[in-house]
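A quick write-up on the structure given underneath.
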Amino acid sequence: MSEQAVRLERGSHYDLDNLATFIAWSGFIVVVLIFVWILGEILVNGISVISWEFLTESPGNAGRSGGILPILVSTGVIVFICLAFALPMGVATAVYLNEYTLKDSRFAKFINISIDVLAAIPSIIYGLFGFVFFNNVLGFGFSLLSGGLTLACMVLPFVIRASIDGLKAVPDAYRESSTALAMSKSASLFYVIIPSAMPGIIAGFLLGIGRALAETAALLFTSGYVDRMPSGVMDSGRALSIHVYDLAMNVSGGDANAYGSAFVLIVVLLVVNSMAIYIGNKIQRRQLR
Amino acid sequence: MKLGIVIKMLFATLVFSLVSGLSQAEDKKDRLVLTGSSTVAPLLSEIAKRYEKKHPGVRIDVQTGGSTRGVNDARNGMADIGMASRAPKDSERSLKFFTIARDGIAIILHKSNPVKSLSDDQIRKIYAGEITNWKDLPGGLDEKIIVVNKADGRSTLELFLKYYKLKSDQIKPHVVIGDNQQGIKTVSVNPHSIGYVSIGSAYYQVKQGIAPLKLLPMGNVVASMDTVARGKYPLSRPLNIVTKTQPQGLVKDFISFAMSGEVHDIIEEQYFVPINR
Amino acid sequence: MTLSKNSTSYPSIADSVLKWLLVAVGGLSIVIMMLITVFIFTESISAFKIIDIERFFFDERWNPTAGEFYMLPMLVGSLLLMAGSIAIAVPLAVLVAVFNNFYAPKVLSVACRRLVEILAGIPSVVYGLWGLVTLVPMIIMIQSPGTSLLAGIIVLAIMIFPTITILIDSAIRSLPKHYIEASVAIGLKRWSTIISVVLPALRKSIFAGSILGAARAIGETMAVLMVCGNVVQLPDSVFEPMRALTSNIALEMAYAMELHRSSLFVSALLLLCIVFVMMFGKEMILRDKNHV
């Protein structure tokens, strides 16, 4: 081995490192470009219709004029119902799988497979199912409740997975020390383990909101098409993504407001994301103090 | 600790809203449900809003989903009123149909296409795949024709097939579309395509200069709202609402409102043709 | 771990109530899965009573109102869309997740995560609209009609890549810190840490992410419907139009009755079968890996 060979090897080492840095950065740039391209289009086409009136009025003339207030409210209620079911259920399932059963138990395996299957079922199938099960069998009709519950079924597996990841990240030392302190299992869950698993749970929450806000196919047949202000959860209401679809694909001259609605949808998402992250950090810090 | 409170609050709100929602669902008699054609749904939504304004306390829910579904829902009681963008089929004669407006179907080309008109026979040959290049048509460029067709079962397709005496398995499409705007967008981005959509929506796009389209005349008749209104445009269809039995009470009142002159401005706003009785 | 899991030394009523509550909730996903499967089966059963199964694969064309049920092209189309979009999205997702954790300055990595989260939340309709208005005309410049398999693959790749990225990103973050510290301690460079320590540790997450992405790709409806052209045929090239199983349901369900309707539920059943095959396949593969 000559000295030169060693240096060469080291040299190539550095080159590869630089190359890898370059590739990683280009990946980031690709993302930014896609982001700018798609969002730019929405922004450019949507910003002109955004005004206070757009946010506070009801749609008129099949959505070509007026605003989107009732649609925002309906969307909010649907997402709320969805998460009110999916979040507790999801976290509970995750706690059960990660803290209570051994991975090899038959029941746990079966749950795991069903979670995978649920995560993979196409949303349009959820839509067909929700229409028959919630709208007809349970008799909720076209309603925000049907839509929210259908979405809850859809989002559940994602919340579970993310919460499990969060729970897995909790060091076993936490569990052991709470046992050592003679804490009951439930106390250690609520005061130590779940708070420490917050980042994962928040991630699940975000994924859930994201999917719920973006869903069109599953909602069209469950929460419906009615674009007026809902007066309760048994009322039919149009979700924002359906509004975008209808304006873009079904209403002649609805494009401007379609882009405007899409723009609002993305802003809402941004606000919710930031809020969730902020709250999550805060809770985590307080609990761990 | 805080998390627990948040969750409790979430549930309390939910239970409250559930209870209030359920209790409010009880007064069903002042509520109508309409389902059906995606072409008619935006129009009926607007008519329903005006009716609700005139009759406080009444709620009319308009859902979309396709003509066939509208007719079926009316038949089996899933909806009080169905919406269909076509005339009744033979198997549907027992139901009550009420025509509230008319619509035409226009053949559309990209604005840049030099072809000015097509005979019925030429259109039939294009859709049957016998003419595949624009150069075989008067004034056409040497470009492959992109045939845009509607999906199976849609009322627009059925009417188109009937008029041109085509069968759906004869057509060799390059693009299959669902709703009207998808057709308009597809033809707008494809300079060498041909498609057919609801006349009102295409007319609006051209008039407003939104989409680079042109509407071809049918035979010698210009494709416009006016020729549809005067009954001259050959490829037109009724926009119907459907009930299972002779309507009564609220249903009857709403239908006669939807057929009255009070809503003509709404019909025109949605680019359909009102019917003068 | 085992110690804490079996720690029943101080049982309380609250604990046992909680446990059974959790068992019940845990069973919920099984119940939902069963309900959906049973529902799709019962709806499509009447089609199987009348139509022989092989006709879905060997009929001449898809024209259910005229009694022809050639569904094979849609099955193949859906699988092609899935394979193509995964091939693009997974490498990009790995790259971005690695960038986030090892290359980006703190500010950028936060910004990048936020971007990806927003991209994951954009409704498929918007992607579809973008695809139809912006992407399709670009493809037309190469070859008409533009609405094609290629357009579908690109739009899907962009759609599923954020979800996969989020998964891989959180998997990297939950890697035990000592993995990376150890590798740095023995003097490995950044890229070799990533190649020889991080990526191998992530193998399972990347695989799981790809499966999840594949599932989203095969289940996507609205965007695919807008950009793929929806012609029922086996595409000869990526520039040819094709129809996916999901689009088939969305395009025709509202207009279908009787046999046509239940044949559309056969589309749904096929989708469900693909999902089951994928998930059980994943389970087997991961189990094998565990044994190695």
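Structural remarks
Note that the chains are named A, B and C in the order they appear, and that numbering of residues resets to 1 at the start of each chain.
Just so we're on the same page, a residue touches a chain if its C-beta (ideal position, glycine included) is under 8 Å from a C-beta of that chain, and two chains touch if they have at least 3 such contacts.
From a predicted model like this one, the values you see are computed outputs, not experimental measurements.
Greatest centre-to-centre distance from chain C is found for B, with centres as Cα means.
Here the two chains linked by the largest count of contacting C-beta pairs are A-C. Measuring from the averaged C-alpha position of chain A to that of chain C gives a distance of 15 Å. Computed centre separation for the pair chain A/chain B is 33 angstrom, with centres defined by C-alpha atoms.
The set of chain C residues that touch two or more partner chains comprises 133, 226, 250, 253.
The multi-chain contact residues of chain B, meaning those touching 2 or more other chains, are 38, 64-65, 178, 182. Shared interface positions of chain A, i.e. residues touching 2 or more other chains, are given as 248-249.
Partner chain A is touched in their complex by these residues of chain C: 1, 3-5, 7, 9-10, 12, 14-15, 18-19, 21-23, 25-30, 32-33, 35-36, 39-40, 43, 92, 95-96, 98-99, 102-104, 108, 112, 114-127, 129-130, 133-134, 158, 163, 166, 170-171, 173-174, 189-192, 194, 211-212, 215, 218-222, 226, 246, 249-250, 253, 265, 268, 271-272, 275-276, 278-280, 282-283. Chain A meets chain B in the complex at residues 60-63, 77, 80-81, 84, 88, 141-143, 145, 190, 194-195, 220-221, 224-228, 231-236, 246, 248-255, 283, 286-287. Residues of chain B that touch chain A in their complex: 1-4, 7, 10-11, 13-14, 17-18, 20-22, 24-25, 33, 38-39, 41-43, 45-46, 49, 52, 59, 61-65, 178-182, 184, 200-202, 204-205, 208, 210, 269-271.
Residues of chain C that touch chain B in their complex: 61-66, 68, 132-133, 136-137, 140, 144-147, 225-226, 229-232, 241, 243, 250-257, 260. Interface residues of chain B facing chain C in the complex, by the touch rule stated above, are 38, 64-69, 72, 144, 146, 151-154, 167-169, 173-178, 182, 185-186, 189-193.
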